[in-house]
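In what comes next, chain A is part of two complexes: it sits with chain B in the first one and with chain C in the second one.
On to the complex of A and B.
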């Protein structure tokens, strides 16, 4: 593999990162209302959330991407490959984040609600001052694990022509068939290089947050 | 001023009842207290003491009867308007068995945040009041620590300061020393005694018999969701009339 080849593949880093981060952001945000529906007292909302989570998690990501890009995209709504990949991965992330949030909610001592109510905090203040900071601490490790998994899943965006790392590696390999091993090994190394700092930042943040509240 | 406030009961409960599903936890509870009084509620576990306390500030909704507290009327079955609810939470401070400090905030933030959010005080005003209260409970040096770095007794004193910071008219204590070593519990009881002497209206659910007898003006003895005995502390504790009350007091006083 030539230096130009390496540069070509490295040029895909930006789309890989953009698709991953946007899908994660979308999912982290959409996960909140889905989680809220799941723990809601309303049976209808709860049922809706359960069905939504099952559907979103059971269908493979690649099927979601095809469904969005070829299915909806070719019909009554035009959608480009990048938005299609972001939305498809984003809604799957939403279902998973909703479950991560729900698990974290259970870890919060019920006395925290008692105290918030007894002090007369508004629902909004209870959410933003008491709940979210504690949820953030609890969800950080599992959310990071999911984010790194998502980084790798973003490779399937190559199937609909998003020019990210895997797509460009595949393109190059089809041109230089003999170098396929090096090309894909290089692509793999790039994924490792991106995920290492993610994991490191999360670990440092987690350790700092823990140190503050540790005995 | 003081006289007129004391003329009217600060708490008046009549016909209070509460069930969890088929289980009847409170039945026909009637009592009243004047401002400045300290009332201890004692009785065996599961007698409904904590539920009664939690009904008073509506952490639990009662199913029957009327609660009049700090001029707010709470009728069973009709959810109070939001304004009344806010007034209630502001007027009644509560201290829990498990402290329930916010673990992700410093001690100072724990006490200042509710003042800012509920009373609309500025950060500077709130912090000033918080530091004064920390001084009062003997923990001025802990302001910038996180709760996990404080002992149970310290956490409970911080929780008391947090409740006092909202200038409540009455303080509700739900077994404030039950999660503490007997020795550590004393520092919390000392703060409560100081509070009582300063004239705060207090209802204390407790297993601390000495506190009930010496600090509180009156004792209410509950069992099986009812009030068995009620009256001046020494009288109830030393000369109980009901057989069930005698049995309980014998068990806790002669150990």
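On to the complex of A and C.
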């Protein structure tokens, strides 16, 4: 593989990062209402959230992407490959983030709710000043693990023609068949290289947040 | 709506035979990958440094690189180094690597959950290190790891859909093929999604039940 080839594949980093971050943002946001529905007292809302989460997690991501891109895109609504990949990965992320949020909610000691009541905090202040900082700390490690997993899942966007790392590697390998091994090894190494700083930042942030509350 | 059901009935045999291929790949990958994962989990703790580093590299690459890249590496890349694998062979090789890497972490956590007293007791009883692992530590650690391993098995069935990219005639490939010839993408992909869900939903419920069961005993 030539230096030009390496540059060509590295050019895919931008789409890989864009798809990953947008899908994560979408999922992190949509996960909040799904989690709220799940812990709601209304049986209907709770049931709806459970069904939604189970369905989203039981069908492989690549099938969701195809459903959106080829299924909906073939008749109902024209959708480009990048939005299709972001929306498909985003809704799957939403289901998983909802479960991560729910696990974090469980970890908050019930005394915290009682204490904020006793202090006469408003519901908003209770949420913003008491719950969110704790939830953030508890959620951070699992959310980062998920984000790194999502980075690798974003490779399937290549199957619908998003010009990210895997797509460009496949394109180059079809031109230089003899170098396919190096090309895909290089592409794989890029994913590992991108996830290293992510993991490092998360570790540092987690340690700092922990140190803040350590007794 | 009638048209859809007739179309589904007509395409179902092709999708079901694709599903058999998906299940075969998954089964092969688990049978090969999980024992390798156990070996990797033990070797990562080895005191022989080169061995430890080599295992760590295998595990970290298997977890760090997307499965889709590993599949294409095996299918398109290996022939250039003189090793020609069929799409089934490449699928099993690549996904076994992924399985080995992920399950080694699950199993390592399981082994670490075995109380220290157990290995001390084994030593006191005069068991050799190998016997202590074989009869005392590994059986207990694997029991702890079992629910997570089952959960991973479900993920692997889903990951088998990636073999679409290397022309393995599994469930998604069959659906896609029917889609390109009939142009009824939405309907055929929905049926494929339903078939995946039909396996994965009961399987996840079963895993959750097993987890609760085992949790009761631990408590």
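Here is the rule we go by: the second predicted complex is superposed on the first by the 215 of 215 C-alpha atoms of A that agree within 3 Å, B and C clash if a C-alpha of one lies under 4 Å from a C-alpha of the other, contacts with A are read in each partner's own complex, and residues count from 1 in each chain.
Here is the rule we use: contacts are C-beta pairs under 8 Å (C-beta built on N, C-alpha and C of every residue); 3 or more make two chains touch, one makes a residue touch a chain.
The shown structure was predicted, so the numbers you read here are calculated from the model rather than taken from an experiment.
Enquirer: Should chain B and chain C be called a clash or a fit once both complexes are overlaid on chain A?
Expert: The answer is fit.
Enquirer: One more residue to check, A:185. First (chain B), second (chain C), both or neither?
Expert: second
Enquirer: By residue count, which of the two partners contacts chain A more extensively, chain B or chain C?
Expert: Touching more residues of chain A than the other partner does is C.
Enquirer: With both complexes overlaid on chain A, does A:70 touch chain B (first), chain C (second), both or neither?
Expert: second
Enquirer: Where does A:195 make contact in the superposed view: on chain B (first), on chain C (second), on both, or on neither?
Expert: Second partner only, chain C.
Enquirer: Treating the CA centre of chain A as the corner point, state the angle out to chain B and chain C, nearest 10°.
Expert: 110
Enquirer: Could you say whether A:119 touches chain B, chain C, both of them, or neither, answering first, second, both or neither?
Expert: first
Enquirer: Looking at the superposed set of three chains, what is the minimum CA distance between chain B and chain C in Å?
Expert: Here the least C-alpha separation of chain B and chain C stands at 25 Å.
Enquirer: For chain C, which residues count as touching chain A in their complex?
Expert: It is residues 60-61, 64-70, 72-73, 76-81, 158-159, 161-162, 164-165, 172, 175-176, 179, 183, 185-186, 189-190, 192-193, 196-197, 200-201, 204 of chain C that touch chain A.
Enquirer: Enumerate the contact residues on chain B facing chain A in the complex.
Expert: Going through chain B, the ones touching chain A are 57, 59, 86, 89-90, 92-94, 96, 98-104, 113-114, 117-118, 146-149, 162-163, 166.
Enquirer: Within their complex, state which residues of chain A touch chain B.
Expert: 109, 111-112, 114-115, 117-122, 125, 129-130, 133-134, 137, 212-215
Enquirer: Taking the touch rule as given, give the residues of chain A at its contact with chain C in the complex, in rising order.
Expert: Contact set of chain A toward chain C: 54-55, 57-64, 66-67, 70-72, 74-76, 152-153, 155-156, 158-159, 166, 169-170, 173, 177-185, 187-189, 191-192, 195.
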